[in-house]
Amino acid sequence: MNNEQSFALNKIESQSRPLDTGVVTGAIAGAFLILVTIIASGKALSFINPLGLIMVLGGTFAATMIQFSISEMHQAWLGFRSILYAREEAILERILYFVDLSKKIRREGLLVLDIEATKTKDLYLAKALEITVDGTDPDTIRRVLETEIRTSIEQQLRAVSVFQTMATYAPAFGLIGTIIGLVGLLGSLNSPEAVGPAMSIALMTTLYGALLANLIFLPVAGKLKMRSEEDALISSITIEGVLCIARQDNPIVIEQKLQSFLPSIHTY
Amino acid sequence: MNNEQSFALNKIESQSRPLDTGVVTGAIAGAFLILVTIIASGKALSFINPLGLIMVLGGTFAATMIQFSISEMHQAWLGFRSILYAREEAILERILYFVDLSKKIRREGLLVLDIEATKTKDLYLAKALEITVDGTDPDTIRRVLETEIRTSIEQQLRAVSVFQTMATYAPAFGLIGTIIGLVGLLGSLNSPEAVGPAMSIALMTTLYGALLANLIFLPVAGKLKMRSEEDALISSITIEGVLCIARQDNPIVIEQKLQSFLPSIHTY
Amino acid sequence: MNNEQSFALNKIESQSRPLDTGVVTGAIAGAFLILVTIIASGKALSFINPLGLIMVLGGTFAATMIQFSISEMHQAWLGFRSILYAREEAILERILYFVDLSKKIRREGLLVLDIEATKTKDLYLAKALEITVDGTDPDTIRRVLETEIRTSIEQQLRAVSVFQTMATYAPAFGLIGTIIGLVGLLGSLNSPEAVGPAMSIALMTTLYGALLANLIFLPVAGKLKMRSEEDALISSITIEGVLCIARQDNPIVIEQKLQSFLPSIHTY
Amino acid sequence: MNNEQSFALNKIESQSRPLDTGVVTGAIAGAFLILVTIIASGKALSFINPLGLIMVLGGTFAATMIQFSISEMHQAWLGFRSILYAREEAILERILYFVDLSKKIRREGLLVLDIEATKTKDLYLAKALEITVDGTDPDTIRRVLETEIRTSIEQQLRAVSVFQTMATYAPAFGLIGTIIGLVGLLGSLNSPEAVGPAMSIALMTTLYGALLANLIFLPVAGKLKMRSEEDALISSITIEGVLCIARQDNPIVIEQKLQSFLPSIHTY
Amino acid sequence: MNNEQSFALNKIESQSRPLDTGVVTGAIAGAFLILVTIIASGKALSFINPLGLIMVLGGTFAATMIQFSISEMHQAWLGFRSILYAREEAILERILYFVDLSKKIRREGLLVLDIEATKTKDLYLAKALEITVDGTDPDTIRRVLETEIRTSIEQQLRAVSVFQTMATYAPAFGLIGTIIGLVGLLGSLNSPEAVGPAMSIALMTTLYGALLANLIFLPVAGKLKMRSEEDALISSITIEGVLCIARQDNPIVIEQKLQSFLPSIHTY
């Protein structure tokens, strides 16, 4: 089984991709805005609380480690890194690919698929083309490819779930940190001038929890989910495409069928 | 592929439409009520906090940009603009259209569809008519048109999701702003007369977050979702309509079948 | 199309119905209990804050108007009025109706349906009977009647959704009002004796929001949803009933089939 | 129709059943722990606030009465009483019952079902046996029995919904009571020594709301839901069982099919 | 029925398994971080409140006991213990097992299954192999095995539900404890120096509730759910595997079909 090879391929591919401007701009802009607000508060140094940060981040990771296996957290980490990189607009491209492919098959015969399967870097497409050129019957093609994409999407959604879980734990551990801080503070109520700074230290963990959840964990979970949905759509097109080829549909019919995956009309 | 043309068409169309009275009245009334309440509080100037507004709005946008692609945010923006404009009551109209059309076909033959397809400004209807006049078999018609509407609705729902996400982030960044403000405030507890104004500045971001979420993001998300459901219903009628035509149903049967899409009876 | 006529019929019908004792008792009891608690607090006059009420109610309506069309809000209003009136226990009645009807058909023939369709005041039942006497095939009967009930239920659920949306906005605008009030209050911290009354005015909007949501919007939404489910069940019985008639089932078999809609056994 | 009879039977049965040790122990232990904590606070008398309790409980009931019909609330009440009583472990028993029954039929013929139907106290089982001995075709048996259990479960879930609704309203009315109390308190800020007791009275309704929701309404709703799922499972076994009999399956095959309803393997 | 035997087998098996490093590391790290934060607050002794802990834990258990049966809580306990132990990576192994098995059958005939069924320690696999060697038809095999896994998963999800329920009750009883503590505290407002410590005692139950929910109940519920999904996937592979064998598929086809359960491609 060539899992290692497939991972290797993906890694090479991802490193050569450009950065995702939306993700990078959003992250920098968000961090910058928070920084400006903190500086404008006139107490920038009060916002540095290493123990509080370790507690919130560590508590969040600890609870997440109990819930997920190490391989799932590794997947989540790979997913986290992958969203920094842009993706080419793949839906339209995949449709055009199948229309071209069906014309090529008309001219040069079904064995073209074999060559195409070795040329493409997308392992799912390669598998779909190979299984089709083998003359497998359409029902089995559909079954095998649908099972494959379903288990892949389920694994991706588990990485999404890692970040959603972290987005739940981070504010909770922020609150826990603040309560612990408050208890420390309540013992020194007799020295009122110490209340302010102690209170602001206690509040830090709540702030960290809210920032981690809303600037990192939730957006990353959302992004990974969006990409999974896109993967699922491209896979649907791929399944429909090879089924058209297996059924030897006319290129015009193929174009018509696949174009319906493009939401060209009811957009705003 | 004629995506650009379709967008262009939609744009022209949308600009000539009248404003949606409900949306405009609601927005103005809501803003007016908040303004009156603010003025009645006797401290109207305290409610102006440009940095706070930038922080809440900017943080919300930043987190949303991480999660969604730029084209999805552009779609959301187009959706936002589109809800300012009214829509004609399309459900009944579409039913009557198909009843008339089926009568016309009886008199003048199936080729009437070709003329109708060029006359209509609705691209989905045009496609449905064209695919029917081509003599495609009913099952393929249904498959192609259902895939098309499903992907369109999915794209629309992603725009809905942009606003729902913003409605989640806005109060969160409001709270983050207030905590940052509180920390600034807690350092100056020794000058009690400064606490009041500092506290009210800190509270501003919470207010901005709540207003943005409840007067803009949530209602806009809700409106876009409603319109998507309406689009889906009209598309169901269109699919049923062209299938009736493809099966050469009697105009009376067509009327009977399509009228069942009108909820005329179990209303209050 | 006889929409107007159908609405008219419904209106006449609803006005002659007795009040729903549960709804009326609940509303009066709830209002009474709140009133007693307010009076017992010894500051009854503090609870009157017209501007606050206008702001919460107005803001809720404004946000709802952005989200829903005027016809949907009108439907919600009709729904609101309708729940004041009781409904006869229709499920058992409808089953007995079909058992009787099937016996009548045995004796007097299928044309009895025509007379029955003109006698009944329920437009859905009338349509079901008419479509059956026309000799439509069972599959089409089921399709037409199911589409009809589905679109009706969807419209009813949109009215439910109006009230659920209001139940979300009301506490939010209550909170917004309280924050605005707090800001007004924080400026006058130097006159401590004014804090109490100002604070209690600020809290009024939160109270109004909570009361509106929990005594009006949520219960009304729940009630409308319950009635929709009941309508859907009665329609299922009606569809099953006319299908039995169309298939010329034995009255005993009809009774057996329809009685299974009565949850007579696994109740507590 | 023998609804009354069925209710009567159920009632007799339930009174002779032993108490459910889990429910009773949980309720007593929970109440005892709260009581101890209250007494340990040293202010046990402060926790008695009859008006507050009436307000929270009454408000909850009032809002629930608007939402549900009187018969649904009566069902909820019957459900509430029923969970005090234990249930025999019915799943395994039902499987063994059908295996024995199929052997008996082998020996003594299908008419044994008639005798069994009169012997059993479970009305659903009786109906299933009767409809099978009548020689109804398997498809109709399945349809009738599935409709019956679906409507029964829907009615049970409405009782669940009554308690879930109450669990939502109770804390809301607790909060409403506390706000009303706070307003009364804020007027007497000039006499600081009165603030403490007044505040603790105001907090009582929040406490009552939280206790009612978490010690009564939520657990009862959860319990009723669990029992509904169990009923649904037993009904699935019953349907499968009578279908096996109707198809004259071999006792060994029946045992094999029904045993698969027993989760004997993937337990921890 | 061999339930007891199956439990016994499972128990022996689980005791010989190594500890799950993720779960153990997470739990120790989480507890350590909380401890460090508490010690750093300088008031470590304030965090010991046995009555508060008993109240929160006891209240949570009491409410859960009302909702779930004793056997369900016992299952939850067994599940809790089981997650401390690691699981071998079973998905790939199960696929390879079936590929090997199909080759063995080619060489040695179908009766190999009988020997394999006695060799395996996995009772579900044993049952699947036995039912296949008996020559049961594929449809019945699928039905029986799917019913079995569905009821097993449902029972596992009930154990998940026990912990999710506890994660809901724990913070609620934490809040209830804090309110009760606050009331005790509010009576002694005249001795301000006592307020601080009393307040910190009152806050303890909120802290306990948050820690129990976020470091124990939620992660355990999440872990058990993950493992259930894994069990369901392995069972799907098992069902597909024995169906392939029953249909006498070629080993190459079996490998192709089963490999599609491995998400080798769309990972990050």
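Letters A, B, C, D and E name the chains as they come in the text, with residue numbers starting at 1 for each one.
Everything below uses one rule, namely that contacts are C-beta pairs under 8 Å (C-beta built on N, C-alpha and C of every residue); 3 or more make two chains touch, one makes a residue touch a chain.
Predicted, not measured: the structure shown is a model, and the values here were computed from it.
K.L.:
Using the contact definition stated above, find the chains touching both subunit B and subunit E.
P.N.:
A
K.L.:
Trace the shortest sequence of touching chains from subunit C to subunit E and report its length in steps.
P.N.:
When the steps are counted carefully, the minimum from subunit C to subunit E is 2.
K.L.:
Between copies subunit C and subunit D, what's the superposition rotation on C-alpha atoms, in steps of 5 degrees?
P.N.:
Rounded to the nearest 5 degrees, it is 70.
K.L.:
What whole-number Å value describes the gap between the mean CA coordinates of subunit A and subunit B?
P.N.:
Inter-chain centre distance comes to 26 Å.
K.L.:
Give, as an integer number of Å, the spacing between the C-alpha centres of subunit D and subunit B.
P.N.:
41
K.L.:
For subunit A, jot down the residues that touch at least 2 other chains.
P.N.:
none
K.L.:
Please give the residue numbers of subunit A that touch subunit B in the complex, ascending.
P.N.:
21-23, 25-27, 29-30, 33-34, 36-38, 40-43, 46-47, 92, 192-193, 195-197, 199-200, 203-204, 206-207, 210-211, 213-215, 218-220, 222-223, 226, 229, 233, 256-257, 259-268
K.L.:
Which of the residues in subunit B end up touching subunit A in this complex?
P.N.:
My answer: residues 1-3, 6-7, 10, 14, 51-52, 54-55, 58-59, 61-70, 72-73, 75, 78-79, 81-82, 123-124, 127, 131, 140, 143-145, 147-149, 151-156, 158-159, 165, 168-169, 172-173, 175-177, 179-184, 186-190, 231, 235.
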